[in-house]
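The block underneath contains the structure these notes are about, expressed in structure tokens.
To keep things simple, chains are lettered A, B and C as they appear, and every chain counts its residues starting from 1.
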Amino acid sequence: MTAEPLLEVRHLTKLFGSVIALDDVSAKVYRGEVTCLLGDNGAGKSTLIKILSGVFPPTDGEYLFEGKPCHFRSPREARALGIATVYQDLSLLPLMPVWRNFFLGAEPEKGTALLRRFDVATAKRIVRDELAKMGITVHDLDQPVGTMSGGERQSLAIARAVYFGAKVLILDEPTAALGVKQAGMVLRYVAQAKARNLGVIFISHNPQHAYTVGDRFVILKRGRVLGSWTKQELSLAEMIYCMSGADELETLSAELDQIARGNGPQAATRAA
Amino acid sequence: MATETIARAHDADARVVRTGVVRRLFRRVEVGAFIGAVVVWVFFALVAPANWLTITGVSRILDSASTLGIMAVAVALLMIGGEFDLSAGVLTGTCGLIAGMLATQLGLSIWPAMAVSLVFALAVGYFNGWMVVNTRLPSFIVTLATFFILRGANVGVTRLVTQRVLVSNIDQVAGFMDARNLFDLEFSLLGAQFRTSTIWWIVIAFIATWVLQRTRYGNWIFAVGGDAVAARNVGVPADRVKIALFMTTSVAAWLVGMMSIVRLRSAVASEGIGQEFVYIIAVVTGGCLLTGGYGSVIGACIGALIFGMARVGIVFAGWDTDWFYSFLGIMLLVAVLVNNYTRRRAEAVGIAAARARTEEEGQ
Amino acid sequence: MSRIGKTMSALIALAVIFSVVGCVSAPAPAEPAVQKPSAPQVVQAKLTFGMAVHANPAEDLFWGVVEKGARDAAATYGITLKSGGSGQPKEQAQLIEDYVAAKVDGIFVSLANPDALKDAVKKATDAGIPVITINSGASVYKQFGALTHVGQTERVAGQGAGEQFNQAGAKKVLCVIHEEANIGLEERCDGLKDSLKGEVVRFNVATTGVKDVKGTTAAIQDKLTADKTIDGILALNPVVGIAARDAVKAAQGSQKVATFDLSTDVLDAIAAGELMFAVDQQQYLQGYLPVVLLYLYKTNLNTVGGGLPVLTGPGIVDKSNAATVKDLAKKGTR
């Protein structure tokens, strides 16, 4: 195990008005490892990744990258340091060609002064090469991204992040809404990113996908860390149990029993 | 096993994603407008060949299309960037009135008057952009408000200052002829009279195309129009891009306003009202999506050209100009339908690929 | 003179031939509503005239009548007429240049904004195309090299209306502007100001105008309620004239209402004593006469007026002559 974490947050808190979105969250991400961030809807996953990627600052707590504290004012600053986020919507523009999407926000330029321009030839060559490295062949780089399959788009987004010198790759539900085969494709690229010694943060609420690629698991619940484990410390079954929320599951099974016996859920609640 | 899966998926790609030359051509944004322009041109060539098929005929079309074309270029960039500007038309009038009144009433030379007018235009553009970006109100609403404010002020201020709804005698102002030579000089070419406004148009269209297609700003314009949030997420300064686009539109309005006053030697308070929709028609005819993120400057120019052809063609053909607007409506509808069709054909490639994959997954 | 006599006799001969043959396609001279002649009744070279005015005649009541006059004359003389117009001076100028490019044989234009049309008109005269100015432009037509001017300035018409209000003893007259930034309308109000021995209140109802007559009526009514001292209203359009009458009724006022231009409604209202008078510019003539004058110039080098403009107004239609004008207004020629 690497001694120093690549990215670490300590006691993060985020308030939206009077709503506590995150409460005392601490976590660590290491190089060459996939850290899975798990939790139900509303657990605070998206708030956490937005803080990590610099969309907004935490209300309180520390954010360390490579051991140094960070205070990002924009996603651009985070990205400049090597923290790349692939959002659920991928930040890809469906109507724009593949190569334009790939370099969006970081276009290679040539020429000086008034003639500074987008180096289209270089851009296209790099996109072709990078996609090939990830095992994707696109015949027509002018093809609008909207015409690619979901898995291809995910892969494109990951390839983009990797190319732009990401040290940490934050993947927001990359396998949601994908078929089995497409999800498999994406998980393979996640493994490739890890093999390139990136620290990967993999957000999911699919325990199977997470457990397949994950090395370390952080489970969030209602804005708090429920617990964090390495893969050795936790079996898939245990993880599913923790994720669904142990107590809630017990309540639920009690309720189901009640229903089976012909009583309403109110009775179950009273019993609890 | 995983390797095999991926390899097979790529075979599927190789099978379907093969883009022919025709398909590539059809993917051009401008193709619908281009076909439309050819149809309109051929049509009037058959109906009124005597005047239509002459250099003078060409010069008339260009005169009619040039100032509209300049606005269409700017409005196209703005629309690709996902926004509208309903105040652009009336602002051409405002800019002309400001320059005209400052020059005739305060006795300034035409140049400082024009400079002040430009500053005003930039301020209006900045205001529009700032409001849209900061209030998150639709630009339709924000610029509609600006439109009404300017529309009222055009009449109100002009009447206050000149007691009329007209600023006249601008040609008596110092520097007028220089300004006229710069903005709207007539010159002979191949035996017909052309105007510098046409050259301005061509140069501006060229620069705008270059910026849109070949610079990072162009990439950002497409991105903020396609999905401003996604663009922001990858670090595009979306707000700045949008404000810059509004200001570009205002500068274009200023330029057209200056062309108008030097040509007409006067400025009227009603100048430009209603033109904002003509700009939008030209731009949409040219293949820009109303929803943003897609379009081309060349297409918008072709849209303006079609408009110019229609206006001149109807006169040459000796038709009842009563029907001009109906013609315009039909033209718009046809252009949009053709654009839709060509876009779907272009995307059919990708859709087929996606379908092939889905079927494979289903097996 | 003899030539005109010849053409007249040729015309009569043609008419006789057509009526004998029973050909239905020829427009009879008595029915000038036909827009395009299938056969010229006057034997001459093919002529094309262009009309360019400062409003779209298709959308403007006043200019629609002008255009009708031009069409009727064109039909009578076998002339091809191109007509159009725009409130945007640039488009009006471009239209004139389009006519020059199309090498028409004569052009008549309204000079509401002379500065704006100076260059375009010069192009026409440089190209040897005779130009006649109509409606506005009496003061500059000579300087522009036009053959003559047909019509009268809006300002003179406004002054005519002022005289009538003076006779009726009005002291505070509302001048209702129904279109923003329309130079002609402003000049009518300016003319009223010139001659009225009292106060003129300019009242802008452009937001509703003739597109929302109900709104215009309400606005005038509110104005009358707000200012009880108003004792006269001058509307600048027949539709607005009727709206003003309705507003007076609704406000239970006794203001004297007058309007510019005619419609059957206006004539009925004049006959009923609800409207005091209507200023009639006989704009039909502003379309009809230029065609005839250009025709005579092209075929016979005739000029009319002896260096003075040909005036078509202001005519005042009041209770004394409303009934006789009404039949003509129905045909769209008054």
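We adopt the following convention: a contact is a pair of C-beta atoms (placed from the backbone, for glycine too) under 8 Å apart; a residue touches a chain by one contact, two chains touch by 3 or more.
Everything numeric in this text was worked out from a predicted model, so none of it was measured.
Of all chains, the one whose Cα centroid sits at the greatest distance from that of subunit B is A. The interface with the largest number of contacting C-beta pairs joins chains A-B.
Note: centroid distance subunit A to subunit B, computed from Cα atoms, is 41 Å. A straight line joining the Cα centres of subunit A and subunit C is 73 Å long. Chain centres here are Cα means. That of subunit B falls 36 Å from that of subunit C. Among the residues of subunit A, none is in touch with two or more other chains. Contacts from subunit B toward subunit C in the complex involve residues 51, 56-57, 59-60, 63-64, 67, 151, 154-155, 158, 164-166, 168-171, 193, 260, 263-266, 268-273, 275, 311-312, 315-316, 318, 320-322. Interface residues of subunit A, counted against subunit B in their complex, comprise 53, 55, 74-76, 79, 85, 87, 89-96, 100, 103-107, 109, 116-118, 120, 135-140, 142-144, 146-149, 151, 179-182, 184-185, 188.
On subunit B, the positions that touch subunit A within their shared complex are 2, 5-6, 9-10, 13-14, 17-19, 24, 27, 210, 214-216, 218-220, 222-223, 226-227, 229-236, 289, 293-294, 347, 349-351, 353-354, 357, 360-361.
The touching residues of subunit C, counted against subunit B in their complex, run 48, 50, 56-58, 80, 82-84, 87-90, 93-95, 97-99, 101-103, 113-116, 118-119, 123, 180-183, 186, 204, 206.
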